[in-house]
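To keep things simple, chains are lettered A, B, C and D as they appear, and every chain counts its residues starting from 1.
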Amino acid sequence: MKKNIAIALTLLSAVCAQAQEKKYPEPEGMRPGMTEFWTPQRKVVTPGDIKTNSAPSDAIVLFDGKNLDAWHNGNGGPAEWIVKNGVVTVDKTKGDIVTRKNFGSFQLHLEWCVPADINGEGQGRGNSGVFLQDKYEVQILDCYKNETYINGMTGSIYKQTPPQVNAMRKPGEWNVYDIIYTAPVFKEDGTYLYRPRVTVIHNGVVLQNNTEILGTTEYIGVPRTVPHGDGPIRLQMHGDPSKGISFRNIWIREMK
Amino acid sequence: MKKNIAIALTLLSAVCAQAQEKKYPEPEGMRPGMTEFWTPQRKVVTPGDIKTNSAPSDAIVLFDGKNLDAWHNGNGGPAEWIVKNGVVTVDKTKGDIVTRKNFGSFQLHLEWCVPADINGEGQGRGNSGVFLQDKYEVQILDCYKNETYINGMTGSIYKQTPPQVNAMRKPGEWNVYDIIYTAPVFKEDGTYLYRPRVTVIHNGVVLQNNTEILGTTEYIGVPRTVPHGDGPIRLQMHGDPSKGISFRNIWIREMK
Amino acid sequence: MKKNIAIALTLLSAVCAQAQEKKYPEPEGMRPGMTEFWTPQRKVVTPGDIKTNSAPSDAIVLFDGKNLDAWHNGNGGPAEWIVKNGVVTVDKTKGDIVTRKNFGSFQLHLEWCVPADINGEGQGRGNSGVFLQDKYEVQILDCYKNETYINGMTGSIYKQTPPQVNAMRKPGEWNVYDIIYTAPVFKEDGTYLYRPRVTVIHNGVVLQNNTEILGTTEYIGVPRTVPHGDGPIRLQMHGDPSKGISFRNIWIREMK
Amino acid sequence: MKKNIAIALTLLSAVCAQAQEKKYPEPEGMRPGMTEFWTPQRKVVTPGDIKTNSAPSDAIVLFDGKNLDAWHNGNGGPAEWIVKNGVVTVDKTKGDIVTRKNFGSFQLHLEWCVPADINGEGQGRGNSGVFLQDKYEVQILDCYKNETYINGMTGSIYKQTPPQVNAMRKPGEWNVYDIIYTAPVFKEDGTYLYRPRVTVIHNGVVLQNNTEILGTTEYIGVPRTVPHGDGPIRLQMHGDPSKGISFRNIWIREMK
């Protein structure tokens, strides 16, 4: 942005050069109260705990450590991953889990952890993913000292946009995702008027800053435009043979 | 977004209606490796502590509890707010404090607290603010059970855009700001090609989601367009007579 | 944009510096047919005449020189401006005229002319305006050798954004407006998710390039956010005493 | 946009429901002169002829029917297409032609015509293209009763975004392109901070409305991000065996 300084100086000197020019009126002066708007007063939200990032008072809790009642198995049946000690762990024989509720734009918090003795490498090491509106995957992978294609790293918009950096914690430590998602708007012909956008913060580090999502996140092929309305959150059971991932403290705030 | 579902159904039925139409080629099939990009590999950042939100390894620490060496008093002289017990507290006789370094786009973390026995009301209660690039103020105010104009609440782009909700903690408790700022781009005539944008997360709750900043945040009058380059972070000493605000754990990550 | 060249060179030299680094896979090669999409085939539109800018085949003709059947007087009654010789001229005793049909996003063509012997000055000289969705005014004024506040010039978003340049033809000559308008999208709380945007081409010269409209175009006060759906086109009868403006060849294409 | 009407009604009823609530201050009233800005006064541009779309006074004329002095052959040598009767026609043995001057953001006008007895079909019928900043192709093709892949039609961002409609004139008739292009801004890592955007009007009909360009327009493969600065306009000599295309009346206005 250095050039802007030059511009500012240029403008200043331009002002000097114009000093002898015709004098134009200034806008009339205002008073402070002219730009103060009191309504509608904002809803009060009690934030969560500063150390544990527990759910704010207006959040929908998707997993509080006790059960998977907010989820189904993708076909409407019960979600059958393993809940134990306040944590849910993928059962690789049971497929994905999907929220029963659909969402538009939202703020999503979730925490995830791969086993300390995780095995495998590349995409075959702690692979999972969180699908926004069941269409757009933010990748989850153990990228701690594990290289892969960068648009398949943790925090990538899968096979689209790589994360800005790699902020992984070690296997066995908990990773935190804070995701802010803005739902797309479609034209009548089914193409995007506005594409979906997402901010991803991983362990307090920005990986995606209001990144435009170009379309569905395909394993094979280019992103596709598929018109859709509200949709659920999906957590992926990935078929790689590495030891399974765990999740805890999942909550979501609707932003309509 | 309900209408999108209708659109999707309309498109499906349109597809049926067109079933007898001319057959067009499909795009040729692809293979997974065609959309996998390996370079440039991402820089590794060691995240901060999960409970204390300490600085990630690539952050510039602006205040770690020990001194104000990263700041000046707005005129190049030493910043003279009071540092004690790992916390810095405004000295209302000493004016604002300003970072010595300038920044473009960034991620900023700071924590702030008004005294448990805070006095005053409206804008006269724990008023301060953080100025991005020394131009655009994200308001700080004790809004706990304290009404004011909504574009002057905590988390407002001051006198522009109110926060989505009110997520204040009680006086005496620490509030956390996570701010993601994208610097503006100017045309040669000094107007915005792209306005600045900001995401503000307060105590883990989104108050601003990539909000466009319309111009400078003026106490009197409409926002102004002032071309500028990189600029510092400024913390405001506000002249209201209420007891002074404190800050801790301030760090920033440059996002170029 | 000069700095981009420097960036490119920097990147090239970075590539050289990295030459000895680890070798990563390249994406697999593709074939041309993989990025060729055949459906849905595009609707054929027969364009208008190259010299007269007559309406394309998919346009709705709002005024073809014969009558004001597509318009009402703002209260549902007949539009009573004066139609003569293929041209409609404001009757300053009859108020605005408003299209009977409502529109979302659109492309609008209209031509306008102030009398060769126009009188008055500043805002009192051939003042009119075209209101998009009945909310957002693109100013019309005789700005030929007639200075005024720049956010009130022809082609300004009235009292918001001035035009890039002044491309007026002389009084007595026809001016052409080509306006591309994208309707806003609102959040559930009535604020903009996406603001309206407009491109204005005046006599073949770009005055506004996808400019964001900040809110309603108020004579007094700052722009306001008023949630709305589709709306009509309104042509303004301005009460200034100067001789009245004329219009011809008005058509609109819906862009849904 | 129908849902917005529902929103407006909802808000109205919400207002009624809140009628008994606490009364908040209104912003202080303003006066008209507070939002009137007089400087900087706008540059006067004399528009071109209303029937021939000749160049406005601030345009750079790239081809006025007389010679190709503003162009080279891509290697710095003379541009050797055939100039005759105010028209330039491709010589398919001579390659592309490229402007000697580089441009950032701009408005470009050009007119093109394929022979009345054009032969060939699909992409092999009057194929050419205009490359913006030498990187991003707006396709030119005889699409009059000639089907092809839609992201390869006239007015497509080649192999990216198809045009909204097909507004071709018959072979032997002149087609008009009005193109408004906004140059990209890059981050320091060479990725887009803001992608390039383009509006394409073909024969007075909007084909692209501030469409984001995703990257370079590749014949083979996905769009690529290549950091660059200002660049020339390139007109393509396409190797298909169909009879050659002609151009006339080419001018450009810089929009910095």
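Keep this in mind: contacts are C-beta pairs under 8 Å (C-beta built on N, C-alpha and C of every residue); 3 or more make two chains touch, one makes a residue touch a chain.
The shown structure was predicted, so the numbers you read here are calculated from the model rather than taken from an experiment.
Asker: Moving step by step between touching chains, how few steps can get you from chain B to chain D?
Answerer: Contact-graph shortest path, chain B to chain D, evaluates to 1.
Asker: Taking contacts as defined above, which has more of them, B-C or C-D?
Answerer: Result: the pair with more contacts is C-D.
Asker: Approximately how many whole Å separate the CA-defined centres of chain C and chain D?
Answerer: 17
Asker: Starting from the mean Cα coordinates of chain A and chain C, work out the distance between those two points in Å.
Answerer: Going by mean C-alpha positions, chain A sits 36 Å from chain C.
Asker: Counting only Cα atoms for the centres, state how far chain B is from chain C in Å.
Answerer: 34
Asker: Could you list the positions in chain C whose residues touch two or more of the other chains?
Answerer: Answer for chain C, listing residues that touch two or more other chains: 2-3, 24-25, 27, 29-31, 34-41, 149, 182, 185, 188, 221-222.
Asker: So in the complex, the part of chain B that touches chain C is made up of which residues?
Answerer: Residues in contact with chain C: 24-31, 33-39, 41, 212, 214, 222.
Asker: Where on chain C is chain D touching in the complex?
Answerer: 1-5, 7-8, 11, 27, 29-32, 34-48, 50-53, 56, 58, 104, 107, 109, 147-153, 159, 162-169, 173-174, 176, 178, 180, 182-183, 185-186, 188, 190, 197, 199, 201-206, 209-210, 218-222, 226-230, 253, 255
Asker: Could you pull out which chain D residues touch chain B in their complex?
Answerer: 2-3, 25, 34-35, 40, 149, 182, 185, 187-189, 193-194, 221-222, 256
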